[in-house]
């Protein structure tokens, strides 16, 4: 297929490469002329603007937008919508909020333009491993893009087959899924990331228990000095907690058990937050997912106003004053 | 009554004073000779050792131990047990673990000595306000000590009466309660402190939401600049969240809205921890109480190994590198 | 003052009564003719419609809207806005979302109408105790309404004074507070309710630990059988956890320690949810407040899909099958 | 090697089979004569008692105990200790508490008997996949048992190698690890299970968000009807959340998306609980791991006393009465 790609960062660039490696033709655009030139050097057709890209594609056109969510994506989609014609397709492969998809899709539909939202998981490993794709949009548009999705997805590989799937959609086994109408792709990707936060936090807490010298109320000669790099590695083999995230953990710890190059200020993105908000809308308890998000908020602060208020209350009722490494208990409470 | 008191720290000393102010006679002992001398100067009978105290009291004796929980209390109770006789009473007014009470009580019972555990709440305000007393032990011993408990407790004061209490124990309205057998007093006090952690954390989080400049996605001129000292004060009056802890919060914030003299490293004591362990034994979910405890653990660390592991995983799968104030998102994940 | 009141449910009706008891004049309207007639019988001036109410008030008018948040309040405010003139004031005393206040206030400002949002706490006890009022809006409008706020608020009563408040706003000591611009009153009330959820959950969990027969791994004759009604009562007196919510707890338990008339399906309102969303916007960790909200969600379901998925996973990896009262462990995992 | 195995349940029986399949000789004992006879029929040497087993093994002996943790394991270890001689080895392959290991190991050491604790992960899949083994004990005893561990472990298989492991213990790549002194094997397995609970809960919550009809505040025709079986399947391929637990989830959902054969009453074992207690001893915050444990507690109750207390408080302050599916809000609070 011939497809336009806007946004040539690490994700967008690798998507173009994986497409071209597999026989697709890409017209590319980015605000960075250098990024465009690099991919042109690898075989892509460069475009100097969104409008030029649209002109260079034959109708019905397909353009994949791979930009940071928010205003940048909104502006690109709007510009595309203005330049494109009925029956063209805009694909948003970024991390947009699913309610934004729904409103953008409705606006474009008035002009007859299809809007397809694609949650794209795989990170920097995707070019090689392939991307897990969660797709929302009209059946016609999604079907038309099937060759692109099939190329970007990982394929069946050597992953063991799940039983009882005979009557189910075989595309899923290739690593891509048409989830439902507009917005549903990003909705599923959003929950994916919410789960990801929870999984990561579970490993992080467990390894913290292992790493902290255990059991202060045991005799000193019985405290364990555990090799967390080896533990992560051995759990990859036959244990219940084996996972791709554990593979990454083992890799990080093998390099440095102390992880001393990291300070521990952990970012979060919209998807983790929106998952909590979606759960609240549905009245679904998501204690672990919310806790994992809040742990990231907390990690970015040295001390919170909340903590200071706890100390202040304790001082008021008990005359406790803080001491380094915790408060010194002057009286009982 | 004539009673011995061991441990003359802020709590023990004030207990002696409240007892003497109300006509009781106290023999006092502490490892600090200065503490003994101070209270002797206020009318107490000094003792130079636990044995001397026991000799100076007429049988059946009563000695109130007011020491930090753990080995110090264990040693004092053991020494008392060795020096005392059948039908004497040892009162542990500290924060001992209720299972320790049970084993100590059983050991002393073999010699015919009564053991009474008293959870004592009130902090530095207790001398003036009185202490809320949660008492475990044999009925006979508890009844015998009634004059002491009645004096230490706050009394009815002007607290509005609860309906439907006509047939219930009137001592409770004075602020002391015989909860059950040995250990039950400290068990109830333990849960009291567990709840206290939860309440404090709820206020702390709420005030943090108020204090943090609200709503970054609102136009700047609409962000609120709230006076948290006034908010704490107004909530004391007619709101659903009024409480003694809120009174203390209002007091702390009136002095300094920023609480800048506190860093926010918050101590915890055994009782908060044992509450979680008791809940686990009972299979009772205590999400809020556990979370409040963990927030204190977290407050005493700058960064955790858990947080560093999150950053390391993110770096592995997405090429995200940390940046000051959070990680810089280089690519989507 | 002469003021209109729309919405004569339990809250609105009691507000009218407290106002009239203290010399104010009220014109009242409700969709229920019976509610209007009842208050007319107690001295209020009845109105047959919003328009009739507005006509019956002298400019500059003030109308207090006391309706459920959402469309009902939005419609009433819109109708009032259409009927009123520049310099009139609309007060929303309900539980509206603060962002709705901001947009409503901005719309009304174009016509010169003031919009004042008032968070009103006190429940069914407010007529007697007074209401804690958290107020957002223009200084002029708020000052003009001062006689109304002063009447509705509890007044200083016998609540002990907080130190260091000499230089601060004395209205706060009466139980009402001008928090800031439009929306800030409901924002503060929202967080108030968020805290309320957290406080309630802390008590609930603690009493659950007390009520559940403690310590299954203790010998049977040492398990405590605690009187939770007495415990709630004794904690009202001198303990750190005394509060108005504890007063209510003591009252409920004195009537029936088993609380057998309640099933335990607990509702939540918008404010608890919005508090979490506001915290997420601010990146403030609110583990306890969120957990308290999720506990209510959970309480309204018999079993969740999440729980079934846990059972299904366990069955897959360990051959564990569920049994009544938990799963029967067939093999270790 | 020739080894004794006590406990021939699903785990113990499969361990015997995997050992015999790979050339080891096993003497077996179980209280169930039928279990002994079954394995004798497959080539094992039957023993009629622990003593008979010990007599039938040549010194230095090795006996693997595979029994439920607690008294049953304690009794078997004690009986073995009485029958065995210096330099023999007892292996506890069950889920014992690591502090029990430490005291058992110390008692046996007085007689010169080695005690090796082995955390064994793999469930019913272990016979085929191999077991991940986490081993604590003396180096000599652990080294002597190497042929057994190597056989039981999964081996390197086709799991991709982790970088930077050149200088590390190669046994780990086979799927078994000598973690440290006595108790450390079960300590590591304990944390493994704690993490397992957290991972499972993260998936469970996320799928609950997907399964619950999303977004009640969206127009009805925009609510997604998501196929959770396909979602689990597609995430196995190239996504960040792929794992063995997700494989099991996909398998369970492919059979029945509603999971209707499960009610959702989820058991927990000692290891999840001890992880929380170990974290509390270390003052490590483990919000996610604790929350996951509490969710299981909650799943086994229809309604909690905590929930009833929330309803009772709400009734007291607001006149709210419960209604089916939640409480009917009669007045605002």
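Residue numbering begins at 1 within each chain, and the chains themselves are lettered A, B, C and D in the order written.
Keep this in mind: contacts are C-beta pairs under 8 Å (C-beta built on N, C-alpha and C of every residue); 3 or more make two chains touch, one makes a residue touch a chain.
Computed from a predicted structure; not experimentally measured.
Distance from the centre of chain C peaks at D, each centre being the average of the chain's Cα atoms.
In terms of C-beta pairs in contact, the better-connected of the chain pairs A-D and B-D is A-D.
Remark: chain B and chain D have CA centroids separated by 37 Å (rounded to whole angstrom).
Centre-to-centre, using mean CA coordinates, chain A is 45 Å away from chain B. Chain centres here are Cα means. That of chain A falls 30 Å from that of chain D. Among the residues of chain B, those in touch with two or more other chains are 121, 123, 193, 196, 201, 203, 205, 208, 212, 240, 245, 251, 284-287, 291, 294-295, 298, 300, 304, 306, 317, 333. Of all residues in chain A, those touching chain B in their complex are 9-11, 68, 94-95, 120-121, 123-125, 193, 196, 200-201, 203-205, 207-208, 211-212, 245, 248-249, 251-253, 259, 262-267, 269, 287, 291, 295-296, 298-300, 302-320, 322-333. The touching residues of chain D, when paired with chain A in their complex, are 99, 102, 121-123, 126, 129-134, 153-160, 162-165, 168-169, 172-177, 179-181, 183-184, 187-188, 191-199, 201-203, 205-206, 208-210, 212-218, 222, 224-227, 229-231, 233-247, 250-251, 254-255, 275, 278-279, 281-282, 284-289, 291-292, 294-295. Interface of chain C with chain A (complex): residues 240, 268, 273, 276-277, 280, 283-287, 290-291, 293-295, 297-298, 300, 304, 306, 317, 333.
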